[in-house]
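First subunit A sits with subunit B, and in the next complex the same chain sits with subunit C.
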Partner chain A sequence: MATYSATAEELLTTKQESQLHVIWRRFRRHKMAVLGLVIILSLILMGAFSSYLTPYERDEPTADINLSPSGLHWLGTDELGRDMFTRIAFAARISLTVGFAVTFLTTLIGMTIGSVSGYFGGWVDNLAMRLVDFMLTIPSLPLLLVMSKILSSGGFIIQFPESVLRFFGWIMAVSDIKSIQQVLYIILILALLGWTSEARLIRGVILSLREQTFTEASRALGVSHTRIITRHMIPNALAPLIVASTLSVGGVIVVEAALSFLGFGIQPPIPTWGNLLQNAQNDLWLYPWKALYPGLFIFLTSLSFNFLGDGLRDALDPRLKI
Partner chain B sequence: MGTYLVRRFLQLAVVILLATMVIYALLNAVPGGPLSGVRQELINTRGATGANVASDMARLQRDFDLDLPVWQSYLRWLIGWPKLADRPNRGGILFGDLGDSWQVARGQSVASLIQSRLGNTLLLMTSATLLSLLVAIPIGINAAVRQYSAFDYLATTGAFFGTAMPVFWFGMMMIMIFAYYFKQLGWFYLPTGNAVALRPYDVPFLGTVLPETILDRGLHLVLPTIVLSLLYMAAWSRYTRTSMLEVLRQDYVRTARAKGLVERLVISKHALRNALIPLVTIIALQIPGLFGGAILTETVFNWPGMGRLYISGLNAGDWPLVMSLLFITAVLTVVSNLLADVMYTFVDPRIRLS
Partner chain C sequence: METVDNILEIHNLKTYFFTEDGEVHAVDGVDLEVRRGETLGVVGESGCGKSVTFMSVLRLVGMPGRIVEGNVVFNGQSLLELPESEMVQIRGNKIAMIFQQPISSLNPVFKVGDQVAEVFETHQGLNHEQAVQRAVEMLAQVGIPDAKRRAESYPHEMSGGMAQRVMIAMGLAMTPELLIADEPTTALDVTIQAQILDLMRALKERIGMSIVFITHDLGVVAEMADHVAVMYAGQIVEYTDVGTIFREPKMPYTQGLLGSIPVLGVIKDELDSIPGTVPNLVDPPNACRFAPRCRARVEHGLTICEQAEPQLLPVGSTTHKVRCWLYHDCPSLNYVAPHSTGIAAEPRLEPSATPARA
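Showing the complex of A and B:
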């Protein structure tokens, strides 16, 4: 008897599902997003194991210059005889590091400014939003180029802590201090100009949450402003924030590639997808295949992050879908 | 409306003033000054104590007012005041004196340099804008009218790919296919590089094309226009779709259908007109681009326009040129923002500015 009633109970009540499980189930339905996630994970693995994938040295010139793709050199060699696949795999480390680091910083800055501005309102809000408006009126690519030019001209020297330099050097497999600094400059510039959309997003969410009863209740209980923002508001803003950040990583990678392509980003011999393309452009009429692969990786990465963001939007918050 | 415009104009003046400060500070407040690269170059070629390094540097500093206090040199650049007896008068950038280029084309005025490039950029940007509008609007409308149809999915996916595409790589792929491989195969190909050819060339079907003819210019224009349009098309077709979907939900569309109007007329007479209103903003915001050009596309296609002028100015350290271009783009951006808002009230009387 007892066993029967237990089964009936089991059949009648739906099984408890954890929040993550629900999200994962919804996310899985979005086939392209899953594919995007798989591609991103493989790119990360490709970057992480870049030194074991091929028998070639990244920066060592050889006599086999400008070979077309073959079994020996999967994606051919460049004008100094270096294996293209090795360089592209290493470049994944740089591009992904820049993409994630910039997004981390813009999210942090945007979250701080957006939540303070939305929560307190008044002149703080006014000032912050005028700053955002102002930054949006300045054309971004020309400004990025100028700032990159100024920083790389050697006029400014920012002292980064030793540990930061060592950490980024380790992630990107770059030992030369000057090159690491160059990458950090690019990260700083992109972060400095990129936080506006995140700030607006968070501000919007906070503005709507500020008037809700649970905020009023917390305030009546004497909870501090910082705690209300970090414990009650930011968690509520997490879904749109994760989506925006994911989309931002793809965008940052394309912008970094554009800067390097124009010669204002990270300089050779450190390979990035952008500066590999710049070299390829000079040889476009002699060895056109050299332009194909670095750009294909940029496109694939940016597309994957876009699909991933789209899938996350559906999975995290179905209301967000337009 | 009147008070609104006055307030907006005041805001506009403040923003432009701030922008000039940022531009000036960016380019002049660098430790070592904007000429630090030049000093290094002089030392490299002549040696640290070489002939006239110090005096040449002093002369250059003087030419750019860099030996004056910052506020004086900024004001002289901005409005040409204070006038100094021992230096040439400046007109001030606010009054249209952009100064002289000193590296890209030494001695030539920035204004004449801009004049020589502006035509090419206007040609490229206008054709790309027109092409994108002509393609994007029908796509967006169709996708909205047949929401969730195969066409809608195709358009959505296409827009997805378009926004993710790095434009410089797309350009190189187009050159590789339509200029390089098509030529190798002896097919009809498109010439690239520069806006015109230097010498006559043969194209299948068209025969010999003479340089600087309309045909030559047209052929050179095709690929950059297509590449540049891809980006706009992706964004604008989505924009049109969203706007059309919004309008199709409105009561007056339901009313039109309820009184028995044929669907074709509901779409073309009632919905379309209102759906296109937001596009006014897009067109107005395109103005700074018409002047500033497309840096990446122009670089890939070696198109002698404003974007490339900016890049060569930056590369050469031609600060008067770079500052002028940044200034003009900033002013145009602010003005076109205002223009977009004002135009909006004319096409949509429901919106009142206050």
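Showing the complex of A and C:
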């Protein structure tokens, strides 16, 4: 005869599936998004361990110039005999740093402006949204070029704190102060131009949240405006915000590559995906791998972030019952 | 005359919404008082301004609405003149409000325990741990079984009745002096409704607070209220104690409302209904708002109803007030009411008004 030894307490405490677990379960169904996540994680690891992956120096010229890909040099060498894979791996540190830092800043700025604008409405909203309209009329690439030229020519100097410089230098494996500053300028410029879409997104979400009963109920219970925005609205807006941020990382990486391809941003010998591409222009037909691989990495990274964003959108949407 | 201890007095409150179609007179000259320790039932159809009146009391009417006139006195303090920073201290602390849709009144992304705790954090400055502990106690008090575990639930995991208990717990956390319950049982089924009403009554006794019970359900009013105010089109049309309203309603609108309730054991083919619909509140005319739907007006052949706005005045006892031309004379229009109580109304008249009866 079977005996039941479960106590009442055990029977009562049904195992609750945690929210993170549900999200992960949903995310897993999205095969491309999982692949994207794996690629992104590999890229981060590749960047983090770039100095241990190959026996070669990043910037040291050797005699083995323009070798095609082989077991020795996985992605070939360039015209100064430097291993392409080593250079691409180091460049990943810069691209990913710029991508994440810019996205962090745009999200922060966009969230603040968007939520204040959506919550208070009226003239505050009008002012903020006209500013957004204004920002969107600016052709961004010429402005980016002009601004980075002004900043990099030393016409206008921002003093970054020593610790910030050292931190970014360490992350990107760049020791030259001027180059670090260059990257920080790029980050600032991209952030100042890029917050508009996030602001609009958050404003829209907050506008609809503002009309919900729980906002009214919180007000009726004496909760202050600041607390309603930070504690009640932003957590509700987090899902679309995470998706938008993820998608934006890929875009930022592409823009940064474009800038450095055009010769703005970090200068050789320090490699970035953009300046590696530029470097390959002269002998593109002779040694196509020099252009192919950096381009492939830009493509893969941006695509992976887009897939990841799509997957997160499905996983974080509570209305989607799968 | 005896002085009554009123916890809340509303004087000539007017809240208008300034829309593209014109000024919507959602609340148009409401006078009300809530006595300490009593329950006031506010009854009326949807859109008659019940909720807006009390949202105005808490100053929670958002754009494009605005309080244009009137005064709200709570415990001798005029609420409409307070700075917002002091108003925040009153909301949830001295006056609490609970709403019709319990589940959507809770923030979907937080555990209910944390939401109740927030009230303690906001008003008592407790740290999160202490606040959650108080929240669990509070949830137990409103009859949530296994409160400690339920505090970990999200709103979508709760039933409507449970969620309304959570809302009540939030409302009563600071033991407010006045609770405004805006149709708290409308979204619940009848058995749960009875439980929630019992709970509110029990808690009212324990805390000794006053309640404003906004509803369109006269059955709930009979069960809960001491006094009743009937609202129509942004105005109070009748005010009296709960016994009188059911025994001898004066205003034709109130009579119509009472006639439309199905009575157990009485067989009718059709329930009585009030003809017509609620009037448009955009720039209302200077007349009785109920006149177009009023059978009594037709029966008595009254024309004054469409020429002058009646006033809320006593009939018989001083606590029974009615806004209706059936009971009040108007000397300036040489009008004598069919059921005259000898009390004269002096309404604001249109310049073109002619004597109602020659």
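Here is the rule we use: the second predicted complex is superposed on the first by the 301 of 322 C-alpha atoms of A that agree within 3 Å, B and C clash if a C-alpha of one lies under 4 Å from a C-alpha of the other, contacts with A are read in each partner's own complex, and residues count from 1 in each chain.
The working rule: a residue touches a chain if its C-beta (ideal position, glycine included) is under 8 Å from a C-beta of that chain, and two chains touch if they have at least 3 such contacts.
If you're wondering where the values come from, they're calculated on a predicted model, not measured in any experiment.
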Which superposed partner A:122 touches (first subunit B, second subunit C, both, neither): second
First (subunit B), second (subunit C), both or neither touched by A:298: first
Touching partner for A:214 - first (subunit B), second (subunit C), both, neither: second
Partner chain(s) touched by A:223 [first = subunit B, second = subunit C, both, neither]: second
Subunit C versus subunit B, contacts on subunit A by residue: B
Partner chain in contact with A:137 - subunit B first, subunit C second, else both or neither: first
First (subunit B), second (subunit C), both or neither touched by A:232: second
Intersection of subunit A interface sets (partners subunit B, subunit C): none
Complex contact set, residues of subunit B against subunit A: 15, 18-19, 22, 26-27, 30-32, 36-37, 160-161, 163-166, 168-170, 172-173, 175-176, 180-181, 242, 288, 292, 295-296, 299-300, 310-311, 314-315, 322, 325-326, 329-330, 333-334, 337
Interfacial residue positions of subunit A with respect to subunit B in the complex: 134, 137-139, 141-143, 145-147, 149-150, 153-156, 250, 254, 257-258, 261-264, 277, 280-281, 284-285, 288, 291-292, 294-296, 298-299, 302-303, 306-307, 310, 322
Residues of subunit C touching subunit A in the complex: 58, 60, 63, 88-93, 96-101, 104-110, 118-119, 122-123, 146, 149, 152, 167, 170-171
Interface residues, subunit A side, partner subunit C - complex: 12-13, 16, 121-122, 212-214, 216-224, 227, 231-232, 235-236, 238, 318
